[in-house]
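In the two assemblies presented below, chain A is common to both, partnered first by chain B and then by chain C.
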Partner chain A sequence: MNNTLRTWIKDGLWAVAFAGLVAAVIRFASGLGAATGLTDATPWGVWIAFKLCFVALAGGGFTLAAVVYIFHIESLRPLLRRAILIATLGYSSFVVSLIFDLGLPWHMYRIVNWQDRSVMFEIAWCVILYLTVLILEFSPTVLEHPWLQHPILQKIAHWLHQLTLPLVITGIVLSTLHQSSLGSLFLIMRHRVNPLWYSPWLPSLFFTSAISAGMMALVVEGFIMERWFKRGMRFELLTLLGKWVPLPLGLYLILRLSDLFLRGVLPGALDGSWQSILFLAEIFIGGVLPLILLGIKKVRESRKGLLTSAVLILAGIVSQRMSLSMFTMYQAEGTHYFPSLSETAIALAIPAAAILVYLFFAENLALLGAEIPAPTDISTLDDPAAFAKQDTPGRAIFARRSGLAIFVVALALPLMFHPPANCNSQPTDPATLTKALEILPPSLLSSPASCNDRAATPVTPAKGWDVLTINGNNANYTVRFTHQDHQVFLTKELGSEEAACQTCHHLNKPGDQATACSACHTDYYQPQSIFDHTIHETTLGGNTSCTKCHSSVEHLPLTSVICQNCHTGMVPQAGQTAFNMFAPSYLDAMHGSCLACHIQEAQKQNKPELALCTTCHPNGQSQPNQTTANLPKP
Partner chain B sequence: MKQVGLLVDVTRCIGCNKCVDACVMANHLGAEHHIPQQEADGLSAQRWLAIVDAPQGGFVRKSCRHCLDAACVSVCPVGAMHKSPEGIVLYDKQKCMGCRYCLMACPFGIPRYEWDSPTPVVGKCFFCYQRLSEGQEPACVEACPQQALTFGERSELLNLAHARLRQSPDKYLPKVFGEFELGGSALMYISNVPLDFLNFNGTLGERPYPELTWDWLSKVPAVTLVTAGLMTGLFWIIGRRMQAQLAGKTQTSQPPEEGK
Partner chain C sequence: MPTWLTLAKGPAFLFVLAVFALGLLRLIVLTVWDILAAVHRAGNRRMPYRQILRQTLSWLLPVNHLHRARPAYSFASFGLHVSILLVGLFLRNHLDILQANIGFAWWSISKPILDVLTLIGIAGAAFLLLSRIYVMSSQRLSRTSDYLLLLLLLNILVSGYLAGRDWNPIPYDELMLFHVLNGMALLLVAPFSKIAHCVLFPFIRLGAEVAWHLTPRGGSEVIQTLHGPQGRKI
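And now, the complex of A and B:
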């Protein structure tokens, strides 16, 4: 790998991280709904899936610590520091990702409330404590740096060395608990998780697969670091990992498959759907195949064979985490989740930043352990640190990075602020909108740029109630109103669905999309006041607010502005603006709205019975009949 | 305090939505925020109660069940979802950190989130707790023109429900929905149409949901002790053996050196 390629890769990582930064600003400014693809039906998404992967890949930290310190397998010690660094970065990514994912991250300290029935409570505490342990475990390596040779710091390093064993054991206990608990997290979602991924043994599955993933992440990292630094690979150690990984991986596969068989899920669930194909690929290509490959000594001890097996295992376990928590999660409910642009940007920026931090540490610390001296002798050839010092002055790198930052931010901003494609909002006069936003109470306001804005969508089609049962005067005399038929008919007649809806839903209450007739026409016989003066007065600021609506000191309805000046969502028909303050009685509204159309249609279709009083009021009843069987369809 | 409950008689509901209006007024809920890509059942962070159409016909109330052993209460890591002494599932937005585990865990898909707010909170029915403390009934119960909703002590409501089932067995399905499902809930239905469509995947069984997690979580102290003990023990045993081995090696390797 030459310097140009390294620079390109690093710049790429920086670009991804910058883009994530832009997305983060959007996420905190406009809320989760506008920045992500998450909804009430799909409350968890790619961030959770990535978090599960971070922790799984960080499983090497506690595995290596156990192997070296507890099992006294000293030959693997050179890998320990890297394992702990990867784990530290994995868990840091988890915590950083949590800040974006939580709705109110500044309430995180509330975790001090004891909740022993909550898995997430347990995970939170384990992760916090384990991250602390990891940082303590890694800090002696940092304190070796020539810049940090202060006596006090060295004393701290000495103490930390003394503490190694208790730290290691604490770390193993905490990891065992939370690696398995990440699986327990999904036990209670039996109704959501796809049956091929659900198992009552999820905790054991997560634990065993995390050990495998952690070991294989070390192998892949070893290969990459060798290419990157042209040093640092102890191939025989990686082979050792490859020799032992079939143990946890085999256990994981046996547990997973036997559980599915024992509960009778397995043969039945393989129905040829894409989920079952994904499952088979995950088990065979990401599990059984590398298991066989690693079982063959010749393959295991060849570079290509080991790397291929490691990548396959990682792919299998990442696929298990992602499928469980994201890909197949919402299939049962018929809803679909797809992460938005800014959501993906944040999700990718976190690992990108973690890799950059890793490279920084790898360039500046003796990661391979104290017994292997940092290879200063070969660094002059191809070491990026030396390259930076010799060929490019620091300022040049800084200038290039800041240029890159500006470029990425400029590119990302318009892309991410672009409204979602499925927003069917109509163009609204910006001036009216601003005015409406000024006056509406804050509780009624949402982000105006998102498509949740009500002002932009005056009337949405009805949810498809076929027949409404109208009980106008609450006397249990109900009129069956064929809503759907009227909707279809009026749409055909008037040419547009919107016009059809507006025929009856002529005035929407603020925040409503299709206000029911009964919302304003409440009393059967009396006209109703639909304007609540008190609410308007208080929300607009009490006594000082009069002039916001009234043009003169005289507080009369005549001197006030009309409702739709502020509530742009209201769509009064022509001639109905007089109903600013008062709604007619239910009776009048019904006769006014229904009868006019009935008479018109009776003439048009030559069906006089449509407009006869007795059609609705048979036998001279004052109340309409309960059935409309004798009514012809419009 | 005795467990309170709410009985819904689906056959009486005429779908007038007055309960929804009353709920909005009583709880000062804001505008309904419609999120397009979401399957709308009428519930949102601003609509805690909805009347939905049953597939077989009829109007059915959809709102929080107030399960006796509630999944949302058990999963909440900060105790924002909690039970009142009367057995009502309450939500404390001061404690909530927004992990949305309650949304994921609820087997009825009830809690909703303020997705469009930078400081979002969860919205769900809490039986108008503030009105109960003033001695009033929940707003929806008061507003219902059909007496389809009855609020009271859960045991009494069960008696009432079974009495109605006995009285007109041909009118109802022979079952009080919510009596036993998932350990029972405070919101119960008697109905002429099956209500399984309100759950995620048909039948849910009678075992409370939190027990699914508790099976494992109860083992945490044991796992902690066993792992810690095992690791310390292994460290000590293997360490001693290796020392002995090392000592043996040096013993066997020493004589020839001495011989030289």
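And now, the complex of A and C:
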């Protein structure tokens, strides 16, 4: 691999990371609803799926630690540092990803409250403790760097060295606990997990597959690092991993298939659906095939054979995690999950950043071989010409990365950020306009509520992150929602905070994605402005046209001429002095299009109940009865 | 909605705006970095910082520094700069677009004043373009990009002026599309061309002032300071 290719790959990783940074800002500024494709009905998405994969790939950390320190297989010790670094990065990715996924991550301190019935509680504690253990296990490697030779730091390194064995044992216990409890998470959502992936033995399946994935991740990483740094692979050790991986992998496959067989689900794998094909591919291509390949000594000890088997096994286990948690998960009726752009960007940026951190450590620490790469030789500085060309350290890197960042950020911003709805941003079709005027009931002509009035009311900006941008219908058309104002108001009205929360957060019905604003804001559907300023401005000649309608310098609706001045064909109804600019509300429009006919037909067919309110709204429902709404139109 | 308005209020404009703002910010960081690096390398402990700062500040308002030998050139250039800054930053319509894209804007200047300024700008840009073409000393110093950037400015000023006129002979929407596209092009090339001086000029000035006060051969002497006369490391 030459330098240009390395730089290009790094640039690519940085670009993904920068895009993720933009998405991260958007996610925290606007909230989960606007930034992701997640809803109340589908709260788990691509982030969870990736998280499960990060942890599975990090399985090499505790496996190698156990092999070297507990079983004393010293020959594998050279791989230990890399295994622990991969595990540290895997778990860090998990935690970073979790911070995005939690609605209010700053409430994380609440895990100090004991929850002996919560799997999540156990996972949270195990992950936090194990990440700490991993960082402590890896710190001695970092403290070997020549820049960190301060006596105090060396003292710390010495203590950490003394602590190795207790740390390793703690680490193995913690990761065993929570690798399996990640599987337990899915036991309580059996109704959503596809039967081919569900198993009451999921905890054991997660544990055994994490061991295999961790070992194979080390193999693949070894091959990549050999291409990248031209050193550090230790092929004979990787072959050893290839020799032993059939043990956990075989156990995983036997457990999985025998459980499906015993519970009688296995025939479902042959029904020809895409899920069954995915399942078969996962088992045979990602499990049985590499098992056979690794069983043949000649294949195992060839570079291509080992790499192929490792990649297949990783693909199989990643597929198992992602299928279980995302692809094959049942969605509630009427819901649909597809990750949004910013969600995907964050999901990809986290592993990209982890790889960059890995490369940074591999370049600067004795990770791959024994030697630390030598710093730049400063003896060349004696030549004045060479000196003049020399950049300040990091200047060239900063120039390159910041140049890249500008374009990535500038591209990501308009793609991911949807500004809040603007009153004038939706132009009205002129035909709708005329039609709306025809059916407008006179009572509404004096209605003051309009888009313009609402825009004139200043919205007090809330502090912190209290304003959420809600992408209501997932239509990329967002509104600002002041959460804290709602909370404070409702708490005052209802007397308790609990009741306030429940008012909005426990109204979801099956198939509902979120509680609609209109559930409380009954004026949600009040008259809308239908006067299209842009169309008028354009037709009348752009900037020069202002004075054609507005009489004074102040260009307000009040200073404009009335519509009939130009639209001479428009004649007000009796008793009406002027047109206004409001279309009827949703409710009035609906009534307008149904009621007249209902009353007419009631008389014609002599069925007075047709004109009664209760015919369409039985039991005082605010929404019309579904059955009548489905009747054919007259 | 006409194309020009969609463009001006849409994601393409946000992209251009982000490249413009972040690109210039990056240039400021790099320029300051370079100045600091130069000062550090020169190792001059008696740098007259107060004088440098005073000079830099005095150049912020270049009225004092109008070129006496070429008054016409100076006035044209000054007029063009004032015109672009005031019309660009304080025209109601421009601020509306800013409001639509980033959610805030500031006060505006009334249109008749800006109309006059636009005319001054057009005259200035035209004069500078012509002098680049016909005055030999300017011509020798000019690169292709210098002509193109002036032409771009002239396009923007003229199309913007025409769009506000009753007697404008060109269809309004097409003219505005031209205006918006040229404006976006200007913002987009700003961080990669000499237009960058719109925010860099105090820093360029600072760099120049600092450079005046570097000791001769400061670069090689600093090596001697660091490494000793025989190249021995201290």
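Note that in this section the second predicted complex is superposed on the first by the 383 of 634 C-alpha atoms of A that agree within 3 Å, B and C clash if a C-alpha of one lies under 4 Å from a C-alpha of the other, contacts with A are read in each partner's own complex, and residues count from 1 in each chain.
The rule we apply is simple: a residue touches a chain if its C-beta (ideal position, glycine included) is under 8 Å from a C-beta of that chain, and two chains touch if they have at least 3 such contacts.
Bear in mind that the values here come from a model prediction, so they are computed numbers and not experimental data.
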Problem - Contacts of A:Gly541 with chain B and chain C, given as first, second, both or neither - result: second
Problem - Contacts of A:Ile224 with chain B and chain C, given as first, second, both or neither - result: neither
Handout entry: First (chain B), second (chain C), both or neither touched by A:Arg110
Key = first
Exercise for the section: Classify the contacts of A:Ser118 with the two partner chains as first (chain B alone), second (chain C alone), both, or neither. Expected result: first
Exercise for the section: Go through the superposed model and pick first if A:Gly403 touches only chain B, second if only chain C, both, or neither. Expected result: second
Handout entry: Which partner reaches more residues of chain A (counting touched residues only), chain B or chain C
Key = B
Exercise for the section: Once the structures are superposed on A, label A:Leu411 by its partner contacts, choosing first (chain B), second (chain C), both or neither. Expected result: second
Practice task
Would you sort A:Ala269 into first (chain B), second (chain C), both or neither based on which partner it touches?
Solution key: neither
Exercise for the section: Mind working out whether A:Leu251 is in touch with chain B, chain C, both or neither, as first, second, both or neither? Expected result: neither
Practice task
Starting from the residues of chain A touching chain B, keep only those that also touch chain C in the other complex, and list them.
Solution key: 422
Practice task
Quick one: which bits of chain A touch chain C in the complex? Just the residue numbers, please.
Solution key: 381-382, 384, 387-388, 391-392, 395, 398-399, 402-403, 405-407, 409-411, 413-415, 417, 419, 422, 425, 427, 534, 538, 541-544
Exercise for the section: State the interface residues of chain A toward chain B in the complex, per the touch definition above. Expected result: 28-34, 37-41, 43-44, 66, 69-72, 101-105, 107-108, 110-111, 113, 115-122, 124, 165, 168-169, 172-173, 176-177, 180-181, 184-185, 187-192, 200, 203, 332-335, 420, 422-424, 443-444, 446-447, 450-452, 454, 457, 460, 463, 465, 468-469, 471, 474, 476, 478, 510-513, 516, 518-519
Fill in the blank from the handout: Contacts from chain C onto chain A in the complex sit at residues 1-2, 5, 9-12, 14-16, 18-19, 22-23, 26, 29-30, 33-34, 37, 40-41, 93, 100-101, 103, 163-166, 168, 172-173, 176, 191, 219-220, 223, 226-227, 231
Exercise for the section: In the complex, go through chain B and note every residue touching chain A. Expected result: 14-18, 21, 28, 30-40, 42-46, 53, 71, 74-80, 94-101, 103-105, 107, 109, 112-121, 145-146, 199-201, 204, 209-210, 212-217, 220, 223-224, 227-228, 231-232, 234-235, 238-239, 242
